[in-house]
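Per-chain residue numbering starts at 1, and chain names A, B, C and D are given in the order in which the chains are listed.
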Amino acid sequence: MDRLKFATVWLGGCAGCHMSFMDLDEFLIDIADHIELVYSPVIDVKEYPHGVDVCLIEGAVCNEDNLEILHKIRRRTRVLVAFGDCAITGNVPAIRNQLGLKNGESVLQRAYLEGAQSNPGIPREPGIVPALLPRVMPVQEAVHIEYYLPGCPPPADRIKAVLAQLLAGTEPRLTGAQLKFG
Amino acid sequence: MAARTFTIDGKLVTAEENATVLDAATEAGIDIPTLCHLEGVYDVGACRLCLVEVTGIGKLLPACTTRVAEGMEIKTDSERLRKYRRMTIELLFAERNHVCAVCVANSHCELQALACRLGMDHVRYDYTFPRWSVDNTHTLFGMDHNRCILCTRCVRVCWHIEGAGTKNVSGRGSHSHIISDLNQSWGSSETCTRCGKCVMGCPTGALFAKGVTVSEMERDRTKLEFIVTAREKKQWIA
Amino acid sequence: MIATLSSKKDDRLGRVLEHASGDKRFKILEAHMKKHQFKQDALIEILHKAQELFGYLEDDLLLFIAHKLKLPTSRVYGVATFYHFFTLKPKGRHTCVVCMGTACYVKGADKLLAAVEASAGIKAGETTEDNELSLLTARCIGACGIAPAVVYDGTVTPRQTPESVVEHVKGWTSHGH
Amino acid sequence: MVIDDLMEIAAKEKAARKPWVVRCCMAAGCMSSNSRGVKEALDRAVKEAGMESEVEVRGVGCMKLCCQGPLVQIDNEKPGATVEVTSVDHSPLYEKVTPEDAASLIGTLKGGKTSVESADPNQPFFTGQMSIVLANSGIVDPERIESYISLDGYDGLHHVLREMTPKEVLDTMIKSGLRGRGGAGYPTGLKWATVAKTPSAQKYVICNADEGDPGAFMDRSVLESDPHSVLEGMAIGAYAVGANQGFIYVRAEYPLAISRLHTAIKQAKQLGLLGSGIFESPFNFNIDLRIGAGAFVCGEETALMASVEGKRGTPRPRPPFPAESGLYNSPTLINNVETFANVAPIIRKGAEWFASIGTEKSKGTKVFALAGKITNTGLIEVPMGTPLRRIVEEMGGGAPDGGTIKAVQTGGPSGGCIPAHALDTPVDYESLSKLGSIMGSGGMIVMDEGTRMVDVARFFMEFCMDESCGKCIPCRAGTVQMHHMLTKILAGKATIRDLEQLEELCDMVRNTSLCGLGQTAPNPVMSTLRFFRQEYLDLLQEDTLGPGATNPPQKTVPAAN
């Protein structure tokens, strides 16, 4: 029996969605038989593989690195699930967009200069520290997304509902309160 | 007063001749979504969520301002209406900065609840991320323009029920926003009576009581309804 | 009502009324309101008159009008900001209005605007720092037969080119008057 | 005032007519080319030639060929003639007249020659026209009521008040087949009848002169050229529906029209043609001016009424319609300038005469403001049903400098672009609507090959976005999103998905917006998509990250087991 090639990815977010994923508890064991986790922040795989069936994307698209990997994921994955409010709406990371054209510089300055307790300095290492995008985007603004799993974070039972439907080969459908943002 | 008999979603309904379609539907237990209607103040037909189909009329009609008529066949739910309603809600989310996760009204918000009800799993429009301010100058209340949907309930309760006229709409189009007096800080308003009715009426987290944090802003609508009913029915007179 | 409430705090209205008593323009404005019997539905006519007298509608002026017409100040402010003809900020000594109606647009009004924006260093709707020039756009001044048209200090001028607009506006700013 | 007084004024005016009348256009278009200076120079030249007793220099309204202004026309009646000219057909129309030309023009009266060019009065631009609304335009002195009276002015009002019952007036209007000239084309007689039959002690008549469509200046010209025709039409309407108070809501951008209306109302009041007991009948009617303040949405009738009441000009849902509950909640008759200007001629000449002009469903004439990439810009009045091709190619003279006409835009931001291949369409309400455009108030903008249609669509969307009142969500937020999508398309950053979304949003905004502004805001996009879709497609980028863009995975479906 082929197992579903499954991935999760962490873009600009707080990892809360992944924490919530961990709250799936024993369901994680149930799905272990059906999926092969090929890429995730919780496993040590450096390169996103080809031919992935499903990928859960946490976080908004905030920097060049996020955008690049998202494009790569799209090309290598059949079904993308926007996972949590940051991926779907931009949520808290996107609040910086309100600051106008120089929003990226403003937040760096605030965090690394004004807010620094010691050694103030904005980290800039080309090739290591990716540059911020001028505008934080929800993932669907950059690539096509198949399904959406809202929540900040999405509660475990909501994640379970989506996964169960995906594994059962049906289109995941969330309704009513399961769609609540925040 | 004469009665009118008509159907709503196939159900035979009777209502007074002056009743609106929205009143009649509510009475019949049929819930039509709306964001600008508020019990106790006049209707403006602005949010367009309560649009319904009426047989024989080409245009969609707002349930809140359309009077019932004999023999009317009203449809409050159809694929087309659901589609338009969802788009309306999406337009609102894209228009300002509605960040449910950090909103005082999270879980008690009419906009959020309608998004769930209409199956909005994401917003298909590009968010505009405008820059709007938060007015925290009032001693009791705050106003976050980022969460305002311009339903004008606050304007109407302030004028129609309280009679203060502190709140109004300034500007127009997407630049419209709610002001206090001469577009001054709410705290410096000379007309605000601090009655809090605007806060009671607000459907989102735009108006809130000071001190509340995420998800804590619950509203007691019954107070507003009580004031209006008591006034109309002269219940004040013992 | 406004008077009693305001007396609790800083008595802004009192100050405005006191100031108004010594300013002839307020007298003319009040006479105009009287002509309209202080009717609230004459608000827009009164705002027109006020702008004609004062050049723009500052807050104290709106407060004065609200008081005299017995209207909530928020309502007066809401009306004044709804109509684009009213301005709440002082205008420059000279105004250049580029008509952006369809006829002017298809004949290159956007290029006129871009040229004068670049030359004056301001965007449409703004006033230069030295207060010499306000650059405005109009929806359509109805002079489509002679498009593209520009209004210099109230004078409609036909068939403009980017060069002619820049030259006209430079004439103002360099001669000062 | 009785009919004898009216006739006496007319007779006096005719008797006072000097043998020569030099008519100088004093409408806004020519005034912006210094026609005031021309008129002053003409006055001086007459004085210098010592011809004051023989020559009248008359400031008149629009003489139509605006692109060639300032225009001057001389009626060279034989000396001693006392007949008022009613036709402009045969005297030369001097073009681009400057003050320096004045002396030589006056010199022609004594057999001199002038080098000033004149337009051929037999060119199609003039011969294709049929004047009802503009019949007096360019002839009558708009600042003198006597001049209007001498051309049968206020005869219609007299006839109505003395000889007709309100019911008969309504019947005449219905029979004439006149439809609202503001754009939507609702039958005028039916509208009047609804107001008439709604019982109320107080009713109003409003003239909508908030001509906001960019590219339209017909109403302005009528108001500047022949204001009394509008006042007379309003008074007749008021009599028919039982109103005693009228308002003219005119844009602040039209100062000349405002000043001429002020003058006209004052003169009419002085003569008792407005006021109490007009023509010694029990009919009272007054007209007040209301000046708009720069809000396009106030052309929408409910928004206009809110504005007349001194409020923010936001529309309200209809029903109730203004005819039943309008201004101050009273039944209100609201028509636009051109509609009212048609009324007195219909009364004077009869419903049958009017109904004999035009097509089966669109009667009478329509005034268009011809502008854009066309040789002859100006004002034309043509019978309904005239093919667009005749208007733009014959009368308008086609695109200038050998260009090719690509499309004709009618109806302003609510209308659409009619492609060149559909130019044989007759101009009437139904035909234009079939093409996804509207008659609109009469703006007609010609576009040539250099015009990018997506750009045009965005131009109009920007207009609607800026002019949206902000009350209802679909218009307020929808126009912003549509404008954003069009900008994205023009920047080459959109994919076919964006285009589909744009079309879906157009449908939604059209069907859910509160008022006409929002309901018609998508029209320019939809009509350009219909006829110039390829221009949109050419701007799209390939959708490499969209659905189906994924390399085939190892498993075909995400199925368990």
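Descriptive notes on the structure:
One rule holds in what follows: a contact is a pair of C-beta atoms (placed from the backbone, for glycine too) under 8 Å apart; a residue touches a chain by one contact, two chains touch by 3 or more.
As the structure is a prediction and not an experimental result, all values here were calculated from the model.
For this structure, the chains sharing the highest number of C-beta contacts are C-D. Each chain gets one centre point, the mean of its Cα atoms, and the points for subunit A and subunit B are 34 Å apart.
Distance between chain centres (mean CA atoms), subunit A to subunit C: 50 Å.
Centre to centre, using the average C-alpha position, subunit B and subunit C are separated by 34 Å. Inter-chain centre distance (subunit A to subunit D, centres taken as mean C-alpha positions): 57 Å. Residue positions of subunit D touching 2 or more other chains: 295, 312, 467, 469.
Taken residue by residue, subunit B touches two or more other chains at 124, 126, 169, 171-172, whereas all remaining positions touch fewer. Pairwise chain contacts in this structure: A-B, A-D, B-C, B-D, C-D.
Of all the residues in subunit C, the ones that touch subunit D in their complex are 39-45, 47-48, 75, 78-79, 82-86, 100-103, 105-107, 138-147, 149, 155-158. Those residues of subunit D lying in contact with subunit C across their complex are 28-29, 31-33, 66-67, 69, 211-217, 220, 252-254, 290-296, 307-314, 369, 371-373, 377-379, 409, 412, 443, 445, 447, 451, 456, 459-460, 463, 467, 469. Partner subunit A is touched in their complex by these residues of subunit B: 93, 97, 99-103, 106-107, 112, 115-117, 119-124, 126-127, 129-132, 146, 215. Across the complex, subunit C meets subunit B through its residues 1-2, 5-6, 8-9, 12-13, 59, 62-63, 71-78, 81-82. Taken together, the subunit D residues at the contact with subunit B in this complex read 295, 312, 316-317, 319, 465-474, 476-481, 484, 501, 504-505, 508, 511-514.
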